[in-house]
Amino acid sequence: MLIQILNGLVYAGLLYIVSVGLVLIFGLRRVVNFAHGGFYMVGAYAGYTAAMVFGFWGGLIVAVLVLGLIGILLDYVVFRPLQNADHMVTVLVTFGILLVFEDVVQMIWGADTLSVLAPYPFDGTVQLGDILFPVYRLLVIAVAIAVALGLTLWLRFSRAGLYVRASSVDALTTGMQGVDTEKLSLSVVGLGTALAGLSGVIASPLLALSPSMGSSILIESFIVVVTGGLGSFAGAFIAALLIGQVHNLGIVYVPNVASMLPLLLMVVVLILKPTGFARSYS
Amino acid sequence: MRTTKLYAGVAAAAFLIAAGASSAADATIKIGVATALTGAYGDLGQQVKRAVDFAVEEVNAKGGIDGRKVETQYQDTQAKADIARQQAEKLVNDGFTILTGSIASGEALGIAPMLERWDAVMMGTVPKADALTGAECSPRFFRANIPDYADAATVGTWLKEQSEKKWAIMGSDTAWGRNSGASFTKTASGLTRDIVAEGYAGLGTNDFAPYIQKILDSGAEGVWVALAGRDAINFAQQAKQFGLIDKLKVAGVSFVTDNTVKTLGDVSKGIYGIINYSSTLDTPANKAFVDAWAKKYPGTLPANFEGETYLGMQVLFAGIDKADSTSPEDIAEALEGIETDTIIGKISVRQADHQFVRGNFFGRIEDQDGTLRPVVATSVAADVAMPAADDACKL
Amino acid sequence: MSNLSMAAAAPKVRTSTTPPVLVVVGIAVALVGFVLPWLGLPRNILSLLTSASMTAILATGVGFLVRQAGFSSFGHAAFYGGAAYLLVLMSVYTGLSGEAVVLLAPVIATLAAFALSFILLRTQGVAFSMLSLAIAQALFELMMRWRDLANGEDGLRMRLPREIFGLKLSFFQKADTMFLVSWSALIIIIVGLVLLSRSHFGTLTLAIKNNEERARFIGFRTLMPRAAIIALSGLIASIGGTLFALYNGYITPGLLHWSLSGEALIIAIIGGTRSVWGPALGAFLFVILRDFAGNYTTHWQSIVGLVLIAVVILLPSGASGAVSSLVNRIRGGRDV
Amino acid sequence: MSDTYMLEATGLTRRYGGFAALNNVSFKLRQGEIRGLIGSNGAGKSTCMDVLTGRGRNQQGTVCLNGQDISRLSERERRAVGLSRSFQKTNIFPELGIRQQVQLAARKAEFDNTEEVLAELSLTAIADRTASDVSYGDQRRVDLALALVGKPKLLLLDEPAAGLTIEESLAMARHLRNLAERWKLTILLVEHDMEVIFAICDRLTVLHLGEVLTEGLPDEVRANPEVIRAYLGSTFA
Amino acid sequence: MSLLELQNVHAAYGSARVLHGVSLKVEKGERVALIGRNGVGKTTVVNTCIGAARLTSGKVSFMTRVQKPIRAFRAARSGISIVPQGRRIVPGLTVRENLLLGSAPDRKGPWNLEAVFAMYPILRERADGLGTAMSGGQQQMLAIGRALMANPDLLILDEPSEGLAPVVVDELGASLVRLAEQGTAILLIEQNFGLIRSVGDRYYVMAKGSVVEDGRLSALTAEELKRHVSV
């Protein structure tokens, strides 16, 4: 039971890192970014290839940087020119990007699934009570906590974080205070996609790499983001925790309907509170 | 505007007619391959494509079948049943009335009922659903590979030699995963083994940890795995991290194939499994095949589905030869009851359900000549490996 | 501010700026459709057009919801695939006559759409899209997992009597005859929607979409009309799904998957949702493009993605908008 | 007694958090009266309109129309019993034609005087155009038309002259006066333009900081030192 | 040096043209009032300076530098702080955070968190509460405090008296006068002529989207001023 809760935390952690990138991008650009799943996938593949040269951690850094650059490009080429267009237009453009990315990844890396080993010294197991638990899984939880903590501290206590919070609620007023909100968006979208890259690399020792891995996590992270309340960091954190547990405990106790539980959770939350757990940054 | 539209219309019509006209020539044998070139099963589709290309090139190099060259056309199904059906119909309409290539059982199940209406014939080499040669069998559908229910016989041969009493099942929550789990349960209980845990994960499951933990908690000594493709790799990788693979005896179907081994590396070492085809089979015909394969695709050995697809092609070509016709109806008739030599030995095609009666294998992943690959440990003869045809099939 | 202008212009309601030329072209296209099966076209073309017209019906339903209520549904596969499933499940498990099964499937799907609309209408914008996605995806999972009922991902075969509505079942399963059925359905739906959009109900729902609050302030209920639009859009999608099941005789959960919903929305946007017929045009363009690309390359996904991006950015009002403004320009009129 | 009043508002209150946008405001309008509701920006005029028409949540107080308590009715139902309003921020249907939307608004009202209203507001010539295509001034008049059509018993107008020139404003004032007499309308008018107010209002109610500062005839209000102070500020007057 | 200059500015929201040729100028240390009735386009002047309304022709310069394109943050970085109409306190941020949002680390001057708290002690009391939870008057103080945090050379205030009690308006006027005496230029957009009188020095009158008159307030009688703003 305890181990299952821990497993729920691992999955929640992974979902959180993917989702929080979506939240950042939604906050500043009001775009539900379908390409995010593609970024997660590209991150995993980029990390995989870079790891051959630089090792796992080097690969992680390369993937994060590459994805950050892609995000900056995305904001510059897509989000900024389209900021006054209908949001659905931007959403569909990101959908198109996802399609292209899946195809390109398949072109470069092939349709075969690839796998990555957990890096030393996290490749072993640790004794928890009388059960062995993979150390790497604990690392995933730790990374998720570090991301959550880092983001929270950054948003709460740094000047840039204050700008991000303000800009996502009222970009014009924030601009009036001398904040270049376009540049801010550029870097925040970059940060969001870098987090997608990070999650892709972090996921790769757990999950097989395949061109379809992006869309398979995309829907689950949408569920997290929408259940948490669009644009809410705390909401995404709580929703990821909840969905991680619902998902895992569902498999243990009600295996036949487990896959429907996160969807139903989201439906129920939206019926009770159409804005999700939280309204805005909190 | 109206004139522009008119021109466009004329151009389109001319194009369409030209496209249609090309199907008039029938000197060649036209094989239409509707397979998953992209999507979740894209890697399997690519295997099918390699094998078909190989077989066709080989037969054409020998001058074709009865002097007729073989021609292929591919269409991508993304392993989706509705698209597969459309693509198959498209191939048939273009004159490619000999079909193959389905990956998911759903694809073949969607196409099979249409074969008579289309006047086509189909050779299944990958889909394992029992129904294809059972309740949903078709006079025009043939199966080269081994259906789920038949794997049980092979499992039984292996299982009775294993000392482990408590077993768990980790299956894909799909028809074949469930079927495989059910037939393993039946086999196991016949051999006084207990099933202590069962889990079926949906296609594309990311995190297998809850299933793995459940198996570990159950005290199982062995686990039967019916997962394929990305799911198999996800499970194996995570099971390794939890120490499950080292602690328990692991065996499965479609779980450890050449492809998964390539991806998993050392993780897969020692895993048992049903091997429907292995390049390590020690027959002269197979050796020749493996050598020729390595020439066409340097540095590779034919993998599971590649071997099975090639096997299907061998029998198909024999049938066409026997029929001495390109008519699907004649070919179907010729295939019924045919007996021919293949890379795994003599094979006959059962009249009752159009299933190939053939041997099956059990083996484990071992290091052979410095590479990890499935190595056959137990060969099961055709009469044991292929139980009697399903009564539900009425041809 | 004078009363002098009162005599000018007789009252005439004009909803959209469809030029009469376009109406003529539309009627011509509709009629051409009915003679297509007799032109001796290759069978592939006809079967492609048959599936395209079913997709067109689905996209018309999705586009209508965008046009008339401003909702972007990411879950219309639930109605399309839902009706297909209802048809097949009823044909397998009930003793109902073939006719009853074919008619009941879209009716039940529509009632479900109507009931769900009261949940969906609690949200708007992105939340609406996501909620519709979740509901459809839950249905997908249900059909995937409830193996005893629907045989999971392997799908189910329809079991209908050899004759329905006095026609052989094969009438509905051959492209040349089924094309007439699905084309007629599409034309009837489009004509119906055009008439509807010019009726009071059309004006009212457009008004509610524009400004729900003011609609209440001028004395209208706003919940029911929106629910009716969702139900109607569900009905259209479910007609497409019913035809699909009838034509294919075989269904799989792919018909309920979110990617189909997404595709339908993409098609509707590519075609343009400002006009009733835009999504249908988009469907034919999309299906033909994908088929064409699929014949030459396995990279159809990239092609579709790039075309989507290009259309969305370059033709903000979609293909139909481009056609309309082209027609206007040729007539020397205003570029609308 | 009460049925001689077209509108009786008692104790209207709306709070946001701890802040009362409207605090215990009461007034009565006689049948056929044109009442001006004035006050500086943020005094609670629009909030008062909202509470009277049932827009938004958390409101207290009673609203009686022609003796009937309508406090519990929705916006839609209030329109049905004859309460109609225009908006300070243009609030129309941009995708609809002008005549089309005015006709729509007439549909649920007592009878259709669409053409008359269009003509009265000089909209006839542009009636077939889509609302989003016409100028801001025209859109303001469309907003007014939506409220005027169907001869409501009580008309609440929120700054109908905003954005209009002085001449246009005065013309509009005359038209309102005319219409009120012809159609026996009772009007509550929020307006900044004092010339419009003094031109047509029978009585004025002055709001300040969410409360009624005073009420009376235009000339009384104009001379009221409290009103002057509220607008001019004390030390700087 | 002119801190802010508009030359023959035409501006629009979407297709609705609102400004038809506005020219005005604020020099260092000046106290200028921009007056006119509701809806004549006063707020649009501000919105044009921050890019919220679309400049269709004409020039906008900050610190004599022509802005093209106009971006909200450039005004602030040129030393122009704005107290916008409706205050625009950022929801979800505390009072302290709202103030910090306004601070410009690279601009030196007397204003910082302490100085603002000293001027408006209520803000110190409520420093860790949400800015939007305060009353209108307190929010106005916050908006002014936030604008001052950047140590601006020019403070633009758009209807700061809106919704304030007379007594609060008096205080507001006094504090603006003090600011002006310390050298901060002020552009005051107002209808409250008490406030205009006390703070303003020069004035521009707007009508129908353009400037129709300008001069010194001292030359204007109370009646004339009243006519221009008509309450």
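Order of writing sets the chain letters: A, B, C, D and E. Residues in each chain are counted from 1.
Keep in mind that, in the parts below, a contact is a pair of C-beta atoms (placed from the backbone, for glycine too) under 8 Å apart; a residue touches a chain by one contact, two chains touch by 3 or more.
If you want to know which protein each chain is, UniProt gives these names: A, C = Branched-chain amino acid ABC transporter permease; B = ABC transporter substrate-binding protein; D, E = ABC transporter ATP-binding protein.
Everything numeric in this text was worked out from a predicted model, so none of it was measured.
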{"item": "Where subunit B and subunit D overlap in contact partners, by chain label", "value": "C"}
{"item": "Farthest chain relative to subunit A (centres taken as mean CA coordinates)", "value": "D"}
{"item": "Inter-centroid spacing, subunit E versus subunit C (mean Cα positions, whole Å)", "value": "52"}
{"item": "Whole-Å separation of chain centres (CA-atom averages), subunit B against subunit E", "value": "75"}
{"item": "Cα-centroid distance, subunit A relative to subunit E, in whole angstrom", "value": "41"}
{"item": "Multi-partner residues of subunit A (at least 2 other chains)", "value": "103, 259"}
{"item": "Full enumeration of touching chain pairs", "value": "A-B, A-C, A-E, B-C, C-D, D-E"}
{"item": "List of subunit E residues in touch with subunit A within their complex", "value": "50-52, 71-73, 75-77, 81-82, 84, 88, 90-93, 97, 100-102, 104-105, 146, 150"}
{"item": "Subunit C contact footprint on subunit D (complex, rising order)", "value": "53, 55, 74-76, 79-80, 84-85, 87, 91-97, 99-101, 103-105, 107-109, 114-116, 118-122, 124-125, 127-128, 146, 168, 171-172, 175"}
{"item": "Residues of subunit D defined as touching subunit E within the complex", "value": "17-19, 38, 40-43, 135-136, 159, 162-165, 192-195, 209, 229-237"}
{"item": "For the subunit C and subunit D complex, residues of the former touching the latter", "value": "1-3, 5-6, 8-9, 11-15, 200, 203-204, 206-207, 209-211, 213-222"}
{"item": "Subunit A residues within the subunit B interface of the complex", "value": "3-4, 7-8, 10-11, 14, 103, 106, 110-115, 117-118, 123, 125, 131-134, 136-137, 203, 205-208, 210-213, 216-217, 220, 247-249, 251-252, 255, 259"}
